[in-house]
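One chain, chain A, links the two complexes that follow: it is found with chain B in the first and with chain C in the second.
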Partner chain A sequence: MRSPIQIVDAATKELVEAELFDEVTVEHFLETQTEWRPVVVEAAKRMLESGASRDVLPRHFHWDWTSKGADLRILAFSFFGISAKGRLQGLMKLESAARSGRIVSQKGKPLIYVDYLETAPWNIKPLMKALGRGPEFSAVGTRLIEGAVRKSLDEGFKGRLALHSLSTSERFYLDVCGMTAVGRDPAKQNLLWCEFTPEQAETFLNEGAA
Partner chain B sequence: MNSKKTMTLNLTDQEMRVLEDLSNQKDLSKTAILRQALRLYQLVDVKLAEGGKLFFEDQKKEKAELMVL
Partner chain C sequence: MIMNKNRDWLVRRAEQEDGCFVSVGGLVEALEQAEQAPSNVIPFKHAFVRFLQLVRRDRKLSMEQFAKKVDIDLVELLKIETDEQYTPAIRTVHQIAEFLKIPEKKLMALAGLLRVKDAQFQNAALKFAARSKPVERLSQEEQSALEEYVKFLCER
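Up next, the complex of A and B:
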């Protein structure tokens, strides 16, 4: 699957043509290690040197997508990427089995679980600020979440979706996407479980991120 | 999304009843239930082949290993 989408040039606010795809390969994982990770680590180092609070440091500096190569052949997992201007701009891993809703009205009903979602470091404002420049594109995370909601609809899950949010991303999922904060999960580093009901997912798709 | 192929599936009355019950409980179509079952089966099979073990924990926190053939 390859779908044309649009992301936003962060400097000019103009729409930029991009592509959402699910034919993710090991080469994409390698690209995150060679192109993304050094930038994330350098930005985190600069933030520490400038005395930034540990609360705002990137929590994903150690992520290694190449360790997920074996998951590419498992039906329960699916991967989506966004490319634009010849570069990978975002990557996401979804689980479509063995996860169900935690909102009372959705208990026991299957949903799509966003296991990992990462946007390229040059699209993350605090990281680029630490490196003395502005972000390149915005709306990459939003387009990936839209892809995840469409996957939920395609699987017959009616848009149900959930994830454990890193502390630095909670505002995005709750305030921008409109997900419900269900509670902190002691089994997952006390991260916040955020969930879309079918109604919330429909609103998100129809009205877009806030 | 990937193109889909059609197959005919013959189920006993009991199997169909279970499928219908699960369909109602999970708010999923019967096709979606069977696709979920396939995903879970493959996931468990791969994890076991890699040396993993599958356990169920009861309310008393006692664990029972599940054998999957």
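Up next, the complex of A and C:
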């Protein structure tokens, strides 16, 4: 699957042609290691040098997408990437089995679980600020979450979606996407379980549309 | 997959996202898996401990000198070398891998921080752990075992 989409140039606010694809390969993971990781590391170093608290540092400082390469062959997982201007702008791993809703009204109902999601560091404002420049593209996270909701609809899960958000990402999932904060999960490093009901997913997909 | 083509929706969402962090998941999951690691972790850790001891002695470095060169905590190095139940910090293994120029993921697996199902990797770790013995100086066999294992880690 390759779907033409648009994202937004963060500086000019112009729309930029991009592509959402699910033919993710090991090479894409390697690209995150060779292209993304050095930028994240450098930005994190600068943030530390400038006295930033470790709490505000990117939690994916040590992330290793390559360890997910073996999961590419497992049917219960699906992967999506976004490319634009010849570069990988975001990656996501979804799980479509063995997860169910935790919101009281959704208890026991199947959903899509976002196991991993990350955008390229040059699209993250705090990191780019540390490097003395602005982010390149906006709405990459939005497009990935849109893809995850549409996957949920395709699977017959009515848009139900859940994830464990890192503390630095909670604003995005709660305030921007409009997910429900169900609670801290002691079984998952006390990360916040965020969930979309079908109604919230519908609102996310259509709110703001003319 | 049909994606939203509405410009207003996208622009509004982009303004709201505004380059914030969106990351999900992370190293915590790998750590969690390591805590529930299968029984092969102990022999791996034994190989990890012996590997560290031998490379340190091969470089004729005291624990203090090694910790300083690798930029790790001496107390942690002591724990690693004396307590096989101790699980080293990710950063420590990362620093050691960089210093020794050993692939980080393999050293993580050896240290019990990542799960590995590769039978050849497991056999090599067990064989190395079994062949190496703690003596004052490296014997020819230890030297050979060490070199062979370093070669294995780097080549595969």
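Convention: the second predicted complex is superposed on the first by the 207 of 210 C-alpha atoms of A that agree within 3 Å, B and C clash if a C-alpha of one lies under 4 Å from a C-alpha of the other, contacts with A are read in each partner's own complex, and residues count from 1 in each chain.
Here is the rule we use: a contact is a pair of C-beta atoms (placed from the backbone, for glycine too) under 8 Å apart; a residue touches a chain by one contact, two chains touch by 3 or more.
Everything numeric here is computed off the predicted structure, so don't read it as measured data.
Enquirer: Which chain, chain B or chain C, ends up touching more residues of chain A in the combined arrangement?
Expert: More residues of chain A are touched by C.
Enquirer: So, does A:11 touch the first partner chain B, the second partner chain C, both, or neither?
Expert: The answer is neither, since A:11 touches no partner chain.
Enquirer: When the two structures are overlaid on chain A, which partner does A:135 contact: first (chain B), second (chain C), both, or neither?
Expert: The answer is second: A:135 touches chain C but not chain B.
Enquirer: One more residue to check, A:26. First (chain B), second (chain C), both or neither?
Expert: neither
Enquirer: After superposition on the shared chain, which partner residues are touched by A:156: those of chain B (first), chain C (second), both, or neither?
Expert: first
Enquirer: If we overlay the two complexes on their shared chain A, which of chain B and chain C does A:98 touch? Say first, second, both or neither.
Expert: After superposing on A, A:98 lies in contact with chain B but is clear of chain C.
Enquirer: Looking at A:181 after the superposition, I want to know if it touches chain B, chain C, both of them or none. Which is it: first, second, both, neither?
Expert: neither
Enquirer: Pick one for A:116: touches chain B only (first), chain C only (second), both, or neither.
Expert: It touches chain C, and chain B stays clear.
Enquirer: Which partner does A:1 contact after superposing on A: first (chain B), second (chain C), both, neither?
Expert: Both partners, chain B and chain C.
Enquirer: Which positions of chain A sit in both the chain B and the chain C interface?
Expert: Shared contact residues on chain A (touching chain B in one complex, chain C in the other): 1, 154.
Enquirer: For chain A, which residues are in contact with chain C within the complex?
Expert: 1, 3, 5-8, 10, 13, 15, 20, 58-60, 62-64, 66-67, 93, 114-119, 123-126, 128, 134-135, 138-144, 146-147, 150-151, 154, 163-166, 168-169, 171-173, 175-176, 188-189, 191, 205-210
Enquirer: Considering only the defined contacts, which chain A positions touch chain B in the complex?
Expert: Per the stated touch rule, the residues are 1, 22, 74-76, 96-98, 108-110, 154-158.
Enquirer: Applying the document's contact rule, which stretches of chain B touch chain A when the two form their complex?
Expert: Result: residues 1-2, 25-29, 31-32, 35-36, 38-40, 42-43, 46 of chain B touch chain A.
Enquirer: For chain C, which residues count as touching chain A in their complex?
Expert: Chain C reaches chain A through residues 1-32, 90-91, 94, 105, 114.
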